[in-house]
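Shared between the two complexes below is subunit A, which has subunit B as its partner in the first and subunit C in the second.
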Partner chain A sequence: MFELPVTTIEGPELFVLEFGDIVNYFTVYTAVLFTFALLFTILAIISRPERQVDFAFGGDAFYTKDITPGQFRFQRFMALACGMATLGAMMSGDVFNFTLFCSMVGITNIGIVAAYRNRHVLNAAFQYGIVAMIATVPLFGSAAIILATTGTLSMWELFGPAIAVPLVAKIFLVLGVMGEGMAPFYVAKAEITRAPGAPYVLMIHVSSLLLFLRVVEIVISM
Partner chain B sequence: MEGIYAFGLLAVFASIVIGFWALVRENDDLHRILLTDLAEILALALIALVATDLAEALILPGLVVGISELMAISEVFLVREGLVRQPDRMLQIEVMDSAPGLLALALVGYGILLSGFSGGAVAGIGVIFYFVCKGHDERFALLETLSGYAWAMWIVAFFIFMLLPQYWFFGVLIAGAAILLKVAGKMSLVGTMRGGANV
Partner chain C sequence: MKRREGRGTWISRISRTISELENLAGLYAALFIAVTVLGAFTLPSLLYHDDQLYPKTIDAADPLNPYQRGGTPFNTTDVQAQYPDNSPYLGYVTAYLTPVTRFIADHTPYMGTTIVAHPGGIIDEILYNTRGLDTVAETSILFVAFAIAAHLFRRDE
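Moving on, here comes the complex of A and B:
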């Protein structure tokens, strides 16, 4: 019943989930991405926070930081929400739903970063939050322009040869996803890489990588 | 029609350029939050330019996402600047000690009579007034329970619409009562927004 018009990039579809006119699907490509996101979400669920060792300068002394799982409850929850949003973005068959999942990834990334009570980390979270918020302008803008010019948001229609998506909408979509998936750059800048809580911070990197991969597929197929 | 759309698009793009230019020039972090909120509205304007029923349906999620991001970064800003403090009782007015019970009762009663969304708003204002005047310790559990029941009623009504369409009137009644509870509960939370131990 549903046939993807372009199968050169992502391979044939494996599974189709139909909600009215919103049709979610897996192809070989997105199924791999989905599995990857699922794997890291499960890792965030089952793993305990890392335990860091600090070495004292000029001697053999070292001490281990005492970290309980309770300290990272909020971060773990945010990492889970981030994983769920990434899963949604991977299997979404509707451009507007994709943009919504992207901005949800952005919000949860702010949450993951902002869980530390450290001024530098909070500063990085704030700057990233501003970028993520501005990025919703091109993100939703692209969806709106696509809807206005082609009359549909469904990827099943947009991927077909009959509909030409304007270039400005594609550029906006890429710009928006770049802004929402910008978190790893801010994380690298912050002291967060030295703060404890390793498995949850990973989710930021995984989600932004997967978002980039998916948006490349969407933009090339359109 | 095409010409109007192109003209509107041009106007929004010009506004986006102006807004981003202002963001680049601004140094004060609080002002930058406010400017990003303004920029967010341009995204809604872009969606609104589509000018169909679908655009109307898309604006709401866009707005919700924008507001939640705004709340997240303003919370980060507050914590970073250390602006979180516990307020003590600010208002001391005689009427606020004597009137709330009766007034809240009248408003909630009238709200139940109105029913639906507007009834929920009226009843909610009654409950806001009560909480503002009387304090709100220990009442969150009640609100949460109420809200949960309203949600469950909504789902039940939804299933009635889907599975037993011939009982639609029953479904409408349940959904109307649920939205009354829901709006009243949500609005009454506004009355408790003064800080405190369990907020």
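Moving on, here comes the complex of A and C:
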């Protein structure tokens, strides 16, 4: 019943899952992204937090920070939620549903960062929170423009040649995902990688990378 | 005077400005404003599509405004769907309100504004059953936000 109109970009669909008007699917491309997200979610479940070693300059002294798994319970939970939201965004077949999962990735990213206690990390979390809040306007604005100008939200219809999605909606979608996933702000990400708890912080990077790959595929196909 | 790193060329000055965290929100906002201004110029070319999949009528006197979808409970209602084959019970559930919701709708004119303010409102939205997964994702976002707020409030400093 369901056939992707354009198969040159992401390959033919492999699996279709119907939720009423929202029809999720896997193609070769999104299945690979989904597998990556799943792999890193499993890594976040089974791994223990890394322990940092601080070296004192001018001497031989070093000390290891005392970190117990219990300290990072909340980060682990948020990393899992982030992984789940990424999985949802990877297989979503509906523009509004995709934007919802993006904003969920954004809010779990803030949750991972905000659970630290270092002052500079909390400052970073505050700035990310503001960016993620601004980003909801272009993100949901793009979905609204697409619905108003084409009358539908299903990617199966939008990917077809009959429907032209306005350029401003596409730019808004990319801009919104940029703000939620923080993908291009890699410079500022150095602030969070200075904090302990490596496997959970990695989830931020993985989710923003995968979101960006997915939104590029969506925008090109539309 | 101490010479700061990256003072020299214009490109390193730009790089320094971008890498400062305090400028992040401002940079993003500037980008957003630029795109919005560009988008405002293309507004005349955006045309409202008349054949909407999720049509909405505004009736200010209705207590369920703007969520009135019509129909009588436990009876079929004519509801549009992208893929009607996926929703075999389409039209049976859109008119149903929970007893609490029905009570509020009968006694106040503002039921439509409380759409997520009480549990019946959320349930009512779930009953828009062609887009059920959206409702699940929306509620998950809400609960994740609650979890973060609760953690930040309750953690010992």
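In the analysis below, the second predicted complex is superposed on the first by the 213 of 222 C-alpha atoms of A that agree within 3 Å, B and C clash if a C-alpha of one lies under 4 Å from a C-alpha of the other, contacts with A are read in each partner's own complex, and residues count from 1 in each chain.
In this text, a contact is a pair of C-beta atoms (placed from the backbone, for glycine too) under 8 Å apart; a residue touches a chain by one contact, two chains touch by 3 or more.
Note that the coordinates shown come from a computational prediction; the quantities given were computed from them, not determined experimentally.
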item	value
Touched partner set for A:212, first subunit B, second subunit C, both or neither	neither
Comparison of subunit B and subunit C by subunit A residues contacted	C
Which superposed partner A:166 touches (first subunit B, second subunit C, both, neither)	second
Partner chain in contact with A:110 - subunit B first, subunit C second, else both or neither	both
Touching partner for A:20 - first (subunit B), second (subunit C), both, neither	second
First, second, both or neither for A:123, with subunit B first and subunit C second	both
Partner chain in contact with A:29 - subunit B first, subunit C second, else both or neither	neither
Contacts of A:175 with subunit B and subunit C, given as first, second, both or neither	second
Partner chain in contact with A:139 - subunit B first, subunit C second, else both or neither	first
Which superposed partner A:147 touches (first subunit B, second subunit C, both, neither)	both
Intersection of the subunit A residues that touch subunit B with those that touch subunit C	96, 100, 103-104, 107, 110-111, 114, 117, 123, 130, 134, 137, 145, 147-148, 153
Residue ranges of subunit B in contact with subunit A within the complex	5, 9, 16, 20, 23, 29, 32-33, 36-37, 39-40, 42-44, 46-47, 49-50, 54-55, 58, 61-62, 65-66, 68-70, 72-73, 75-77, 79-80
Interface residues, subunit A side, partner subunit C - complex	1, 18-24, 74, 77-78, 81, 85, 88, 94, 96-97, 100-101, 103-104, 107-108, 110-111, 114-115, 117, 123-124, 127-128, 130-131, 134-135, 137-138, 145, 147-154, 157, 166-168, 171-172, 175, 178-179, 185, 187-188, 191
List of subunit A residues in touch with subunit B within their complex	96, 100, 103-104, 106-107, 110-111, 114, 117, 119, 122-123, 125-126, 129-130, 132-134, 136-137, 139-141, 143-145, 147-148, 153
Sites on subunit C touched by subunit A in the complex	18-19, 21-22, 24-25, 28-29, 31-32, 35, 38-39, 42, 45-54, 81-83, 85-87, 129-134, 137-138, 140-141, 144-145, 147-148, 151-152, 155, 157
